[in-house]
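Before anything else, here is the set of structures, which you'll find just below.
The following pair of complexes shares a single chain, chain A, combined with chain B in the former and chain C in the latter.
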Partner chain A sequence: MLNTAHLSLEQAPPISIPFRFFLTAPLFGAAAGVVLIWAGDAAMVSRWSPIVLALTHLITLGFLTMVMCGAMMQMLPVLAGSPVPGAGPVGTLSHLALSLGTGALVHAFIQGSAGWMKLAVLLLGVGFGIFAVAVGLALARVKLSSPTVTGMRWALVSLVITVVLGALVSVGLFGVVSLNNLAAYTDLHLGWGLLGWMGILLIGVSYQVVPMFQVTPEYPKLMQERLTPSLLFGLVGWFLFETGVIRGYWSPLVPGCWMLLVTAGYPWFAGTTLRIQRLRKRQVSDVTLRFWRVGLIGILSGYLVWLIGRVFPDAATAPRYPLLLGILLFLGGVFPLVNGMLYKIVPFLSWFHLQNRQLALGAFHVKLPHMKGFIADREAKLQFHLYLAALFLALAALFWPVFFTRPAGAFLVLTNLMLGYNLLRAVMRYRGTKALLNPLDSH
Partner chain B sequence: MTTITETMTSDHRHCDGLFAETETLIADGDWENGAQGFAEFRKTTEHHFAVEEDVFFPDFEQRTGQTMGPTRMMRMEHEQMRQLFSELAEALENRDKDGYLGFSETLMILMQQHNMKEEQVLYRMMDQVYGEEINDLLNQAGSF
Partner chain C sequence: MEHLLDVSTLEPCEPLELTLSATRELPTGDYLKVVHRREPHPLFPLLEKSGFSWLCRPGGEAGFEIFIWHRGDRTAEGDVVHRALC
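Up next, the complex of A and B:
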């Protein structure tokens, strides 16, 4: 028999759990901008420079993973009917460890400090450990699986692999353990983080939220059923082939050709999403949709640039080539998808919690704000334009670092501050309305 | 064999279509046709609710002995949507475009996630419980 708890929304975690993840993210995003302003054109030299490593982790851990973890804890009970056990303490601890760990990691990179690196590995290890166990339990308990749940499962597996590889690389980097082929392991860490954790999670979640937020047709059944398991299988194969290269069993061509097959899944997904969005019934203008278009095009362009690097290996050896890929895929790809999603999740969550409360209290004399009352279109659009400026300036900085790196950093700070302001205002509006609903309960 | 899942899912899509058309009209400032579209959307959706609340849910509750389970949650969400219908009607009356679009955005997400729960869980449960007998129930709903 099916589990009736599937339909229950009463098990959602306290709203403060996802909110604190969401509100912290823009702070790290803004910090990335500050680092860019501080470093100037030195940030555009090589992917191996400590500044670039710090910047990358501010964005990937501090912004993207921060939001993704918070959203996952929120979505599991709603989309899969399976609450995260101990959501309160788990959320509090993992949020704290992730925030402090990211800070320590960035400090370790910039200062070249082995001590801070050890602290960062410890904090991030504990934070992700708690998160993975609790969310893993919730995912294991899902009674009626769906393509979204499958995606979440494989994304979580990828997250654990990414963290373990990251810890290995970081201790190797600071000579704590000797690790030959540090570059190859770093690529594996990066690949599992980007293609596994972020890629698979976004694909899985899109199956639910794209039709829901934009009233588009469903994703093709074949894609929903096969894509995320194939991607995980592909990444496992890549891992084994790469290890074979490291041990000298075969040539790098083997994992190279394999990845040509595996990565094709991402443009397939991005292209399909653009196509079903074009077929959407709802025609009114929508900031989230604009963010998504940029993100999907970012992914497609990143893929194209990657492909060119495979066909013309000389181009790929240019020091700025990996930076271009990084900007396109992280700042131009995943970032806007996550940012755009926040503009649906936060207002809806606020309204939804308030309305449930209103029904429970029977306090119908209070008029609840609608979604745009939490975050106004005008402010969201302004943040979108600031983001676009940051993205294009960052791309320009690759070619004219002296002129554009600092302006790119400045706009990255601005867009993140604006995002933080928009989210904070939504939270204040939520609190204010909640107090009106039940004046006796000020909590 | 027809199933509840198929029948009701296509009804959901029909309501979505009316909803989206109305929203576009309002966004374009076409209040006359927008008001007509809204009335049509509201009527169609209320009929869908009535079929569920007066035919499907009571029968299902009786058969499974569950009155506090998923059907209760669905009834509550219908109430939430009805509240938004009133807000939309008020915004329409006042020709308040921002208000209408804000509430329609809210309703849209509520409606979509409600539909998903029905389509992916509740209707599938009902199809499982009824099996071949489903046609009787569908006939009853058809004459409703």
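Up next, the complex of A and C:
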């Protein structure tokens, strides 16, 4: 049960804070498309190529983490009754540092510049440091916990570990410090980012937003109570086993077998979400549901490909195998889940803030737009189809890179520009209605 | 007198919209009973801001029942306590 006694919109950060995170994300998504067009088939060679490293971070940091940080700052006061201290300056500084840091990191990868890498590590370290301290304080102050709050706590721990490992790998990569077995540390960084920060946060938040926005039954109690703590425990175990391999204590089979157990939690979550979506009372399909189905199938497919790689290790040594996993899990899995949820969160926040303002001012002569009035269904569906094209073209580019890499990049640009346009229109609609509610405010 | 509103199968923000709209037409002395599948956290501060009192309890087929009446309306409050909760 959530803490309703302290629920108040006044505790939430100004709406401009989450909006700036949400509006920045599609710009980085489009930038990933531009890099793909510029690089062409060179982007499909190996996961270690600078282009792929730049692309991965444009999507994971610039798009996904950008949205997730903004949403977390907004959700904590509303869902957990615990505002982020100093939300205004914390939001402004962490958004700025995350944006500039991601830009610097991508530049460092493409140019092979140690100077830019140091700057990126500094900016991202400061940005995530401010974010983690402020959000960590808010999470520590939650009086009545819930499975969503637990998920947020473990996700934040995972984010800090991901950032520390990322900084370590970056400085190791550019020879600033000597790091034995860079590939294993990179895998740890990737695993904590994907399975911990993104995976645990998405699972924890889904417990609230899926039943609420998609009108489904609740997730099973066992899953809500046990899954995210088990995943964190599993990742800590993996970290210890993996460092044991790096130090030569035991065979890579040990962390490999351990991860077979740990990763089973993700298809369990994806399968359960698909099942409760099928049990909806009103079977009305909307664009968020479409994005979510693609994302959940993406996670299940990625898991299957990962399993095949464990059973047939020769298949996993192919240079494009990790690229296939990356496309399925990031572009086909987490990306559509976040994209789809933006189409619920942005209209809901806009409507809720306006409703609150209308009641405060008693301005009942102004008719507020419905939630669906903020983002037109037709434009959202068009963006979904552009996204689908980008995803399938990216998968095709793995097999025929010369023909499909640049078209995949072009559709990635288009879908992100369309997403940005749709979100911007929602924000403009919010501002227009807010000005009608209190004309003095608009001057 | 009780006014019943079932929003248990509606998507956000329809439950909030319909509930707030129903409160505007709620006569003094009556109360509104909202049947909801979840505890509608965002509704409560909006109700308080509009001059209403509320009581939310788990129960019913949908999951939650929310009773809403004009703040200070002793008749409606007494009805909620006696008829709905006893």
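Here is the rule we go by: the second predicted complex is superposed on the first by the 436 of 443 C-alpha atoms of A that agree within 3 Å, B and C clash if a C-alpha of one lies under 4 Å from a C-alpha of the other, contacts with A are read in each partner's own complex, and residues count from 1 in each chain.
Criterion: a residue touches a chain if its C-beta (ideal position, glycine included) is under 8 Å from a C-beta of that chain, and two chains touch if they have at least 3 such contacts.
If you're wondering where the values come from, they're calculated on a predicted model, not measured in any experiment.
**Q** So if we stack both complexes on chain A, do chain B and chain C clash, or do they fit?
**A** clash
**Q** When the two structures are overlaid on chain A, which partner does A:Ser146 contact: first (chain B), second (chain C), both, or neither?
**A** first
**Q** Name the contact category of A:Ser16: first (chain B only), second (chain C only), both, or neither.
**A** Neither chain B nor chain C is touched by A:Ser16.
**Q** Could you say whether A:Gln283 touches chain B, chain C, both of them, or neither, answering first, second, both or neither?
**A** In the superposed model, A:Gln283 contacts chain B only, not chain C.
**Q** In the overlaid three-chain picture, which partner chain does A:Ala360 touch, first (chain B) or second (chain C), both, or neither?
**A** Only chain C; A:Ala360 stays clear of chain B.
**Q** Let me test your reading of the model: by the given contact rule, A:Val78 touches which partner, first (chain B), second (chain C), both or neither?
**A** Touch status of A:Val78: both partners.
**Q** With the two complexes superposed on chain A, say which partner A:Trp351 touches: chain B (first), chain C (second), both, or neither.
**A** both
**Q** Between chain B (first) and chain C (second), which does A:Phe213 come into contact with in this model arrangement: first, second, both, or neither?
**A** both
**Q** Show which residues of chain A both chain B and chain C reach, each in its own complex.
**A** The overlap between the chain B and chain C interfaces on chain A comprises residues 2, 4, 7-9, 78, 211-213, 215, 281-282, 284, 344, 348, 351-352, 355, 359, 370-371.
**Q** Sort out for me which residues of chain C touch chain A in the complex.
**A** Contact set of chain C toward chain A: 8-14, 16-17, 20, 37-39, 41-42, 44-46, 49-50, 56.
**Q** Under the touch definition given earlier, write down the residues of chain A that touch chain B in their complex.
**A** 2, 4, 6-9, 78, 81, 144, 146, 208, 211-213, 215, 281-285, 344, 347-348, 351-352, 355, 359, 369-373
**Q** If we count contacts the way the header does, which residues on chain B are in touch with chain A in the complex?
**A** Checking each residue of chain B against chain A gives 16-17, 20, 23-24, 27, 66, 69-70, 73-74, 76, 79-80, 83, 87, 98-99, 101-103, 105-106, 108-110, 112-113, 116-117, 120-122, 124-125, 128.
**Q** Mind pulling up the chain A residues that touch chain C in the complex?
**A** Counting only chain A, the residues touching chain C are 1-2, 4, 7-9, 78-79, 211-215, 281-282, 284, 344, 348, 351-352, 355-356, 359-360, 370-371.
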